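Below you'll find the structures, each written out as structure tokens.
Each of the next two complexes has chain A plus one other chain: chain B in the first, chain C in the second.
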Partner chain A sequence: MSYYFVIISPTDSPLFEHTFGTSKAGGDGVARFRNGETSRYMNQFIVHASLDVVEEVQWLNNNMYLKHIDTYPPTNSHISCFLAGTNVRFLLLHQPSTAPTTSSSNRSSTISSTSVPHNPTSPQTEEAIKQFMNEVFEIWVKTLMSPFYRIGMHIKSPIFRQRVSAAGRKWL
Partner chain B sequence: MSFDAPLPPYTASDSHATFLNVSCLDLLLIEMVPLAERMARRAERIERGEEPREEDDGDCGVGGTKKGDGKKGRMQARRDEVDGGAAVLDEEVYRDAIFIRLDALGYRVGQGLSERFSRDRPRFLDNLDVIKFLCKDLWTILFKKQIDNLKTNHRGVYVLTDNTFRPFLRMSMSNSNEAVAKAQPHLFFPCGIIRGALSSLGINATVQAESTDLPMAVFQIKTLATAAAKP
Partner chain C sequence: MTSPEDDVAPVKPAPPSLSTVIPLHVAKTRSPERDESPQASTASLPLRTSSPPASTPRSSIGISERISRSVSPHGRISMSASRMGRSSIASPLSSYSDTYDDTRSLIVRSFSPAVAIYASPDTDEIARSKGFKNGFREMVRPFGERVTGKVVVRDSVGSSRAWDDFGVRFTNLGEDFGNDRGSMNPKYGSPFTRLEELLERYVEMPSDGLDTYSSDGRLMRPDGTASQMSPYYRLFLSRLLSATMFSPHETFLHPVACVIAISSGNEAPIETLRQLYAQTAQGSKVSPSFVNPEYLRYYVLVHDEDRDDLSKSKALFEQMKRHFGIHCHLLRLRSDECLPSDDDSVEVPACEWLSPAEDLVRLNEIDNLIHMDIDLSYLFESDVTALKSFVRELVAQSVIPHMENRVAFWNDQVASRRRGISGRFMSISKKWTGFGSISSRNSSSQSGSGSGVSGNYDSLQGIYRYDTPEALLRKLADYAFLLRDYKLAASTYEMLRTDYGNDKAWKHHAGANEMCAISNLLNPMATAAKTRVDGFDQMMETASYSYLTRCSDPQNALRCVVLGVELLKVRGRTAAETAAKWAIRIQELGLVGAVGHVLVSERVASCFAAQVGTSSGAFSGRKRKAAFWSIMAADEWFKLGKTELAALRLEDADAFYGSIVSSEGTQHFKEMSLFLEQLHLAINMKNASRSRNVSNVSNGVLEPEEEASKQLTEETSEQLSAPSHRRSMLVADNLPNTGLLSPGRLPRPDPFPHEDDDFE
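Let's look at the complex of A and B:
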């Protein structure tokens, strides 16, 4: 499963984006999106289109983690959202991989229905994404506390990127 | 870093936890005002040419000091002419400079605080919710007590009254009017914190503070949307 994670400010400008693939169930952590070359633009487009849905759903739900809010059927992408207090949004686009593993198709039928990398809407996935979001939120608050980070700036720190990818490897 | 308050024994959950003495914040708040005053005075002197800028010392050498002297002479002459009126203007400019410095510092602190402590809170439904969060949660975190009185005219103006404002508790002078005047700059930083917290939670506002009698402090918040709505 491939993931595209983006942090969007209250004024709808992206502050940080990160693409990665699943490290669970034998994945190698490399993202493989369906659109291939145009996936960079398509991911941004899909995620920004789902901001409208975020704005609708945020008033119905009092939690920080809004779970799965939107899908994009042509590429089977699903979008989950986590809302921080100051209306900063963490959006994760997850796309299960297309080609089923033919070599292990015999035994993978039971595994793939519930495992995180293959099923984007199962409760386990939602739980895993929630843990991931919580961890990124802690890292984000630490970044915010630094006086050298101006609110609304792009996050350029390599340490931040490292920590987010570590969280991604751990939970997703 | 943990968001939960640790219970004694304090190192039970995390033996590498480091702790910070709470009086550090009090001491910092006390020292910030003289610092801002010193910086404002120094900036003023650099403007007037009485003091060379730091970079001039290094590279210009003799040429720099000559230039500095000439400029100082001209400015001195001009200043002497308009000294009477300028003295009042200088005081205002000086006061504004202190306010801007302390307010800007408080603004950044307020933004960070509101993000950190609005965690897991139900969504803020309207401005009054945000102000209540400020009065209860943020004030407790900063000053270990809540705001004593909140008044609003329901048209965007909120008045917060703190009857025993923590930084003022240990301040006193023989003449109470003088004490109030001297304590005024100490309100600028909390004003900035309020403004920063509100702006990061979506409310643009101006904040003014005054104190009629130590240790009481009154903060007046005017949300800007209401002001802009009037033609």
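Let's look at the complex of A and C:
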């Protein structure tokens, strides 16, 4: 599973972007998107396009975590969303690895069929992403409290990035 | 609004939202000789049909108009059409209902009754002497595609409806009987691959080739509205719909009637007619066991005006009438070949519903004969009038009454019994064994009836015999569908779905599901009442799965999904969402090739765009998605080398992005905007260099398009960020003046390799 996490401002500009791979089931934490190099802009397109759905779903749901909201079938990408204050949106694009059964050995395939790395819509994944989002939200709030940060600014803090990737390692 | 030429809107009780006023603008570029309406001949027909004179000339010119009218040079199209793209976004409601009528009419017209032609050799000889080397059928075929005047059809509840775009499909009798069973046919799937081949041919053609062929200014309308259906997609759709193969699981291609034709040159006319009839009944032309052989026989005497005596022919015709009853026609034709230089020559309209294979053959012929001007054939005006009135009489007085009759009969005898007992199959099949005549079938159906399986299905061959209730019901449903009585058709397909499923007749099952969904979607009454999108979704799912996985029949799967997408697209938010999902599914399942892939991408974009109009103010609809898919389409067009089309799609995308309020657009997504800029730049460069080549050829005259694109190029390159900046500026400056670079080359290769997109 490969992940692309982005925080998007109310005016659709990205405040923070982070690309990482799974660390569960022997993953090394490096993103391997199936569309290779094009994923750099394709992921942005996909996430940007799913804002349409976010804008619709956010009025139908009382929770901050909107769960899995959109898919992009050609690359098998799934998008989950978390709404933070002031209409800042956390979007996580997750893409299961290309061939889940061939890459994993017999031993792990029996276990991992329902675990996080392979099934993007399973309840386990939803739960893991929820934990991840909550943790990132916490870090984000702390970052906002910095006297040098103004709302709408790009988040450049290396500490923030470090913590987000730590959260990613922990949950996804 | 319908386009003026080909969709003279059917008189239908349109749903209120779609019932826009249809302005009767008769096309203005009509050549005078086509104005001749065949009123004189149709007026003499018995007034079963009310044919207002006003509609006759209009519909009669439809086909030839489409072919002969060409559009302005392509550079100009792309400029103005893109402007229209924006206007269509501004008022999406008007534009989508417009294209919906267009699409709907195309779909409705593509399902037309098949009339087989069985002509005696001497009749074919007359046609050959007139320049139709494939005989009588080739001559009448274009005239069958649109019957002159209104055709009145009574539906099952007895209400009449007049259609002025009714048509029939002339086939050669027995031509398809050989390769009947789709799954056992060695040539299986070939129309499907040919479709892709054909699309590639069209795309590779210089763009004016397509414009004259089928676009007919679709991107550019006189009234300023834009159609979102690209000419290529329209072509794709119509060729896909006419690529249908003769198959046991649906009866659309099974003959409804057979025209048995002899000519006045025949020595023993009555004897020949008998022989021909005998051939259709038990001879070489006998239909396979799944085709209902009780089709109508229609006898035609072709009188040769140039060689034979009319009084003799009239006497013979009288004799024919006595023998064969009312289903006879005397067709008076001249046997001399008509030259374009003749006074009263009329161009023969081209066929609209060519199958991909036929179209390829046609294109090859055009390629071979590029220097000679014998592409179009001509007929005398009197012949055209005679053929038109023949087709009209055939359809209005024989074919349609016959079909209505069968529908009423089967509805009464088969369907209503089924409905009354509602699912208790056992008693039904017992009742039916008394009715039928084949004893072997009786025993098998009784033995199988216990388990809810009718046993009528021959699983070895994958067919139902024509006289089993299942086959008759399917025939009934198909007839009702062809007569555009979608309510009856839908309810019958609904019934069949379960039957076929019980029998594990998978292809039939898929077909029934497909047609059930489509006829429900086509039924104008069901629009408001029940928009159960889930139901359609389910049916499409079953149909495509059965077609593809169980029967490995990608062509029918593609047809099913494409039709579903087209018809679902306009049914509000959720339906459009489903349509988009299915359109993407087409790509996922790999049902289309490279060109088809782009066309489908465009379609996805327009599915999302359609939702923009239906959404209320609070939501922005699906603008970002529409823009995204437009960009994908642009990228793919660009890779195929069609930069004009790519530029159009990009314009669309920009318009979509621009229309999102409360958004700063895409500029802050770094890679994304970089990609967009590069795509813009590359496309503009190519366009600029192309129009420069064109203008160089035409004596170096600078055309306004080039100026525009040159300007555009420079503007774009100025916005570029540091690394690409210098080089592209250099190129943009050099390009119009010295042309240091080869014009085809891109200024800067895209940094990201496109080939490994891996969309499948």
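Going forward, the second predicted complex is superposed on the first by the 162 of 172 C-alpha atoms of A that agree within 3 Å, B and C clash if a C-alpha of one lies under 4 Å from a C-alpha of the other, contacts with A are read in each partner's own complex, and residues count from 1 in each chain.
The definition used in the following text is that contacts are C-beta pairs under 8 Å (C-beta built on N, C-alpha and C of every residue); 3 or more make two chains touch, one makes a residue touch a chain.
Worth saying up front: this structure is predicted, and the values here are computed from it rather than measured.
Peer 1: Sharing chain A, do chain B and chain C clash or fit in the superposition?
Peer 2: Here the two partners, once superposed via chain A, fit next to each other without clashing.
Peer 1: Counting residues of chain A in contact, which comes out ahead: chain B or chain C?
Peer 2: Greater contact footprint in residues on chain A: C.
Peer 1: Identify the partner contact of A:Glu56: answer first if only chain B is touched, second if only chain C is, both if each is, neither if none is.
Peer 2: A:Glu56 sits against chain C, while chain B stays out of touch.
Peer 1: Applying the touch criterion given at the start, work out whether A:Gln44 contacts chain B, chain C, both or neither, answering first, second, both or neither.
Peer 2: second
Peer 1: Answer with first, second, both or neither: which of chain B and chain C does A:Thr86 touch in the superposed model?
Peer 2: First partner only.
Peer 1: Look at A:Glu138 in the shared chain and tell me whether it touches chain B only, chain C only, both, or neither; answer first, second, both or neither.
Peer 2: In the superposed model, A:Glu138 contacts chain B only, not chain C.
Peer 1: Just to be sure I read the superposition right, which of the two partners does A:Gly36 touch: chain B = first, chain C = second, or both, or neither?
Peer 2: Only chain C is touched by A:Gly36; chain B is not.
Peer 1: With both complexes overlaid on chain A, does A:Pro10 touch chain B (first), chain C (second), both or neither?
Peer 2: both
Peer 1: After superposition on the shared chain, which partner residues are touched by A:Pro158: those of chain B (first), chain C (second), both, or neither?
Peer 2: A:Pro158 sits against neither chain B nor chain C.
Peer 1: For the overlay built on chain A, what is the smallest gap between any CA atom of chain B and any CA atom of chain C, in Å?
Peer 2: 11
Peer 1: Counting contacts the way the document defines them, which residues of chain A are shared by the two interfaces, the one with chain B and the one with chain C?
Peer 2: Overlap of chain B and chain C footprints on chain A: residues 10, 59.
Peer 1: Can you name the residues of chain A that touch chain B in the complex?
Peer 2: 10, 58-59, 61-62, 64, 84-88, 137-138, 141-142, 144-145, 147, 151
Peer 1: Could you pull out which chain C residues touch chain A in their complex?
Peer 2: Going by the criterion above, the answer is residues 581, 584-585, 587-588, 608, 618-625, 627-628, 631, 660, 662-669, 671-672, 674-675, 752-754, 756-760.
Peer 1: Under the stated contact criterion, what part of chain B meets chain A in this complex?
Peer 2: 1, 108, 111-112, 114-123, 200-202
Peer 1: Give every residue of chain A touching chain C within the complex, in rising order.
Peer 2: My answer: residues 10-14, 34-38, 40-42, 44-46, 48-52, 55-56, 59, 73-75.
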